[in-house]
Amino acid sequence: MNELQFLTWVRGPGLDIAVGIFVLGVLWRLFEIYSLGRKKDLAAPRHAAGASGLHTVFRRSIPPPGGVKRSPVSYIGGYIFHIGLAIVVFGFAPHILLIKNLTGLSWPGLPSQFIDLAAVVTMAAMVVVLVDRINKPVKRFLSTFGDWFTWTVTFLPVLTGWLAVQHLLLPYTTMLALHILSVEILLIVLPFTKLFHAFTLFGSRWYNGKVNGQRGVPV
Amino acid sequence: MSASLEKGINALKQVIDAPIASYFNSCVHCGLCADACLFYTETGDPKYTPIHKLEPLRRVYEQEYTLLGRLKKVVGLSKPVTDDELDQWQSLVYDSCTMCGRCSMVCPVGNDIVYMVRKFREGMAASGHVPDGIKGATQRTVEIGGPMGLKWPAVANVIRKAEEATGLAIPVDKEGADYLVLLSSMEIVNFPEYLEALAKIFSKAGISFTLASDAFEATNAGIQIGNSDIAKVIVSRIVDAAEKLKVKNVLSPECGHAYMAIRWEGPNLIGRPFTFNVVHVLELLDELRLKGVLKMKSTFKEPLILHDPCQIVRRGGVLQAAEPLIQQVADNYIPIVDKQKWNWCCGGGGGASAIHTDEAEALRAKVFQVKKRQIEEAGVSTMVTFCANCRIVMEEGVDHYEMDTKLLGLTELLAEHLED
Amino acid sequence: MQGPLIDTLARQGITRRTFLKYCTTLASMMALPPAAGLAMAEAMAAARRPSVIWLPFQECTGCTESITRSHSPTLEGMIFDMISLDYQETLMAAAGHQAEEALQAAMKENAGKYLLIVDGSIPLDMDGAYSCIGGRSNVEILKEAAAGAAAIVAMGSCAAFGGIPKANPNPTGAVSVSDIIKDKPIVNIPGCPPIPVVMTGVLAHYLTFGSLPELDDKGRPKAFFGETIHDRCYRRPFYDQGKFAKTFDDEGARMGWCLFELGCKGPVTYNACATVKWNGGTSWPVESGHGCLGCSEPDFWDAGGFYKALSVPADPLEFGAAAAVVGAGAGVAVSFANRAKKRAAKAAHQTTTLADLEK
Amino acid sequence: MSLDAIPIHVINAPPIEAGLTGNAPPLLRELAEQVKRLLATGEASAIDLSALPLTPADLDWLREKLGAGEISVTLQANGESTLNETACPGVWWVTHHNERGAVTSQLIEVALVPELVKAHPQDVQIGYEYLELVLSDL
């Protein structure tokens, strides 16, 4: 298989399989998780819980008081790499085109120099976060194979994408194919690893906000 | 698998629900919950990271309720939970977790970790992995009536003394009263002034109240040990008494987890909404303050800080009542940085104060340093709280570090300065 | 006709300045520094003519058309004056047995020294019967001619990579020259058709330096195939600014914006079109408003559609809906199983009593 | 046939600025360096414009900035070549056309005299022999 055939495969059957497994996995896991249901809270609410769940979904995106000072790497590194990923994934014109092709949604892209910068910053932040995971006792203690694995499958698409655009290491065609392949691996493992937090964190925040909102505590 | 372990696992299978599934799937092992837990911040030992305390529960969830987990269990990638393991986890779930719920406030993905600890304790209790101290307290509550083994005659004695001291009648088993007053054993034994204060305030406000001879104890060791069956037995006494006496409200005493047990868990334990309201004494006092009934004859001059009990404030939702009340009675109230829903636990909640092993007591003393720091930073020698358990635990801490800090109950402080 | 090339040229009325001018252009196209034109002119002026045999196989003659109709016939002709083209079916006057005899004679006379140019792929199915010359299969002729060649130039995508004959489902079992010949230096000059100046550039290099130019991992001269169309494209700045033509007749297309979204394969195509251009430097596909097809890359015909952007799926997503249904189905099945399990756990619940607290 | 002979005309032509890529200004800096080198060492150099990603608008911009000088050389050798000095002496704009008028290559040379203009000694020798012949016929 030459590199163009490789690229054609990852753009064709590869992507088909990956998106298929992703969609299948996401739906299966969402049903699996949320169909467990929960008991109705019979205690009289302090005040109607209203939109407390929704509030928490947003509020939890902001660090708690003093949080940044206690764990600067987790918060700042985490912010940078999540926002950086979002910029790279949703701001780069070829990505937008892919999204448009899959969903029909489209928006203007960002200049590639900016995307380039965002990618480098994202990778730097991810490396810092990884070093923090190795250095910080709590994180090292909690870390399992899954943590190292998911870091890798998240990092690789950024790295290969950047290398491809910069024409480094391997010919563009091969690198582009590897980039798409790495994204496919990411899509495939996402529903079955902690990366699924991208979906469940909304539910989690909502439950937490709802339960405590019922008691009158904005969390 | 032993019968008790099977029972424990079965209990976990019952309590695992969509929120727990969502929480475990959301956890990214960021470890930020450790920063919120005084057992970690004061010891620096990563095993106290809140989410780690739930590892057996996570595995049961994964093995029982996810397809991949079942597969992993079949091929041996995920080991079943054993008695040994639960034994090991017992100290993590009871000794080093006060269910203060601070971790639930900080988790960036929104996990309500304390919610899961509460559920995990169901399995721990059903499989018999509970510390002797809490076990004893539970036993006494079920068999005798209160965690300290207190019986009605002792209460009647306190009532008589209060009547003598105040010259007011304290009704018992009176039907149709506005409030059914509950007490906690600790108050009966250590702070009998509480009842006197209430009698004065009720009389001034013209509110009728009563005590119930078959339901005076507000605390609920079943909640602490984490067993709904036992907790239901205990809470039913109050519900039955309140309904028999046809009271409009049940007044929860200062005690933190008692409020949690009656106000928030009670209806869920008996499986139906209450026919009466549950009111925390501070909520009532604050209401009276707003009505202008709560007039002070004098004020407390010394500078003081406030310790917000977790179960009443962060987990119970009585967020705002304490501050205006304390400002009413104290000239020199100093608000601390981590207050109200961000307060730090006394270190003895969730039943932890009932565990009297050497390790547990040493650990409690160690984590008290967080409160010690708060007291020292504020530079005060008085700390006010409104939970009898917090107060006792902190008094022990103050003794341990040989500090000259005085602990006061808020209701008691108010009563002392109340206009006659 | 022997003697230094410049004399041959002079006899045809081509002056030194004309030749120097040509070499300047050639050096520019080979991405050599401007000063190399002078060096090249001096070396080539003194070179002698090698024998060249040109074998056409399963092809469309587009490659020959491209070479012979290149932008400046006199100048390209000049290069042909540098060589002795001893066999080229399409161009030679001889036909039939005469032509085949010429081939045999040239091979014998220059054994081990001649340059073999091949255009077209070689069919292998049915023992090569799909394409024969004088009753002999292409593969047989190729093997025989390659044996005595100093080097082989595979002209066009068919000879270099199999090209369109090899496109799915490859009915004739077509393969490239390098699939058959393993023991000779082979220069691939892919393209459908290839750029004429690449051919003359390779010849010029062979004449100037007596060796083949530096090749990439696909056997292509790096001087022409060292960079992608995208990297040398004058519309590249628009790509970097995120300015794209969305259709062939929109404002972006009129403004000359990047054609990536219209399926341009420039980013994965290594060729010199962007610098050398076509039709005498008149224009080239992207300049004319159409994206690159990637014709100089292996299997370009099967690379997911000419009008699909590189970052979009090559095939329409087939399993998307099916996966959603299966996923939802699996999820519902699991949820029923889970609920049953939870009900069973509830049924199995034994009320905990004080005695149970002791294990 | 030259391009101009094709009877097409552009409608809604985009403004010239739209075609600017921003690649031209750096070339002016490179030219300045090359001129400095020519002054210092006498070394000639060149920039191959056809090998760079420049739009017609970029080229127009460059041409306008460099201006026109005093000398224009036209060479008729398989198509016309023009070697025009720019407003900066020593900087030459060189354009080679083929015999059909299409541009085959385009350079900016930095030299006292472009290489192509100089006569080759061998050709001078031939010219001298021709002169001798003419003289001998007198």
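Quick notes on this one:
Per-chain residue numbering starts at 1, and chain names A, B, C and D are given in the order in which the chains are listed.
Criterion: a residue touches a chain if its C-beta (ideal position, glycine included) is under 8 Å from a C-beta of that chain, and two chains touch if they have at least 3 such contacts.
The model shown is predicted, which means the values in this text are computed figures rather than measured ones.
Centrality by Cα centroid goes to chain A.
Each chain's centre was taken as the mean of its CA atoms, and the one lying most distant from chain D is B. For the pairs A-B and B-C, the larger set of C-beta contacts lies at A-B.
Distance between chain centres (mean CA atoms), chain A to chain B: 38 Å.
Inter-chain centre distance (chain B to chain C, centres taken as mean C-alpha positions): 77 Å. If you average the Cα atoms of chain A and of chain C, the two centres end up 39 Å apart.
Look at where the CA atoms of chain A average out and do the same for chain D: the two points lie 55 Å apart. Among the residues of chain D, none is in touch with two or more other chains.
Residues of chain C found to touch two or more other chains are 330, 334, 338, 342. Across the assembly, chain A contributes residues 28-29, 32, 35-37 that each touch 2 or more other chains. Touching pairs of chains, sorted by label, consist of A-B, A-C, B-C, C-D. Interface residues of chain C facing chain A in the complex, by the touch rule stated above, are 218, 228, 230-231, 239-242, 244, 260-261, 267-268, 270, 294, 297-300, 302-304, 309-315, 317-320, 322-324, 326-328, 330-332, 334-335, 338-339, 342. Across the complex, chain C is touched by residues 2, 4, 7, 10-11, 13-14, 16, 64-67, 83, 125-130, 135, 138-139, 142-143, 225, 227, 229-230 of chain B. The residues of chain B lying in touch with chain A in their complex are 16-23, 25-32, 34-36, 40, 44, 46-47, 49, 51-52, 65-68, 104-112, 115, 263-268, 271-274, 277, 314-319, 337-338, 341-342. In the complex of the two chains, the chain C residues touching chain B come out as 330, 334, 338, 341-342, 345-346, 348-354, 356-359.
Interface of chain D with chain C (complex): residues 3, 12, 14, 18-19, 21-23, 45-48, 50-51, 53-55, 75, 77-79, 81, 96, 98-100, 102-105, 107, 109, 115-116, 120, 122-123.
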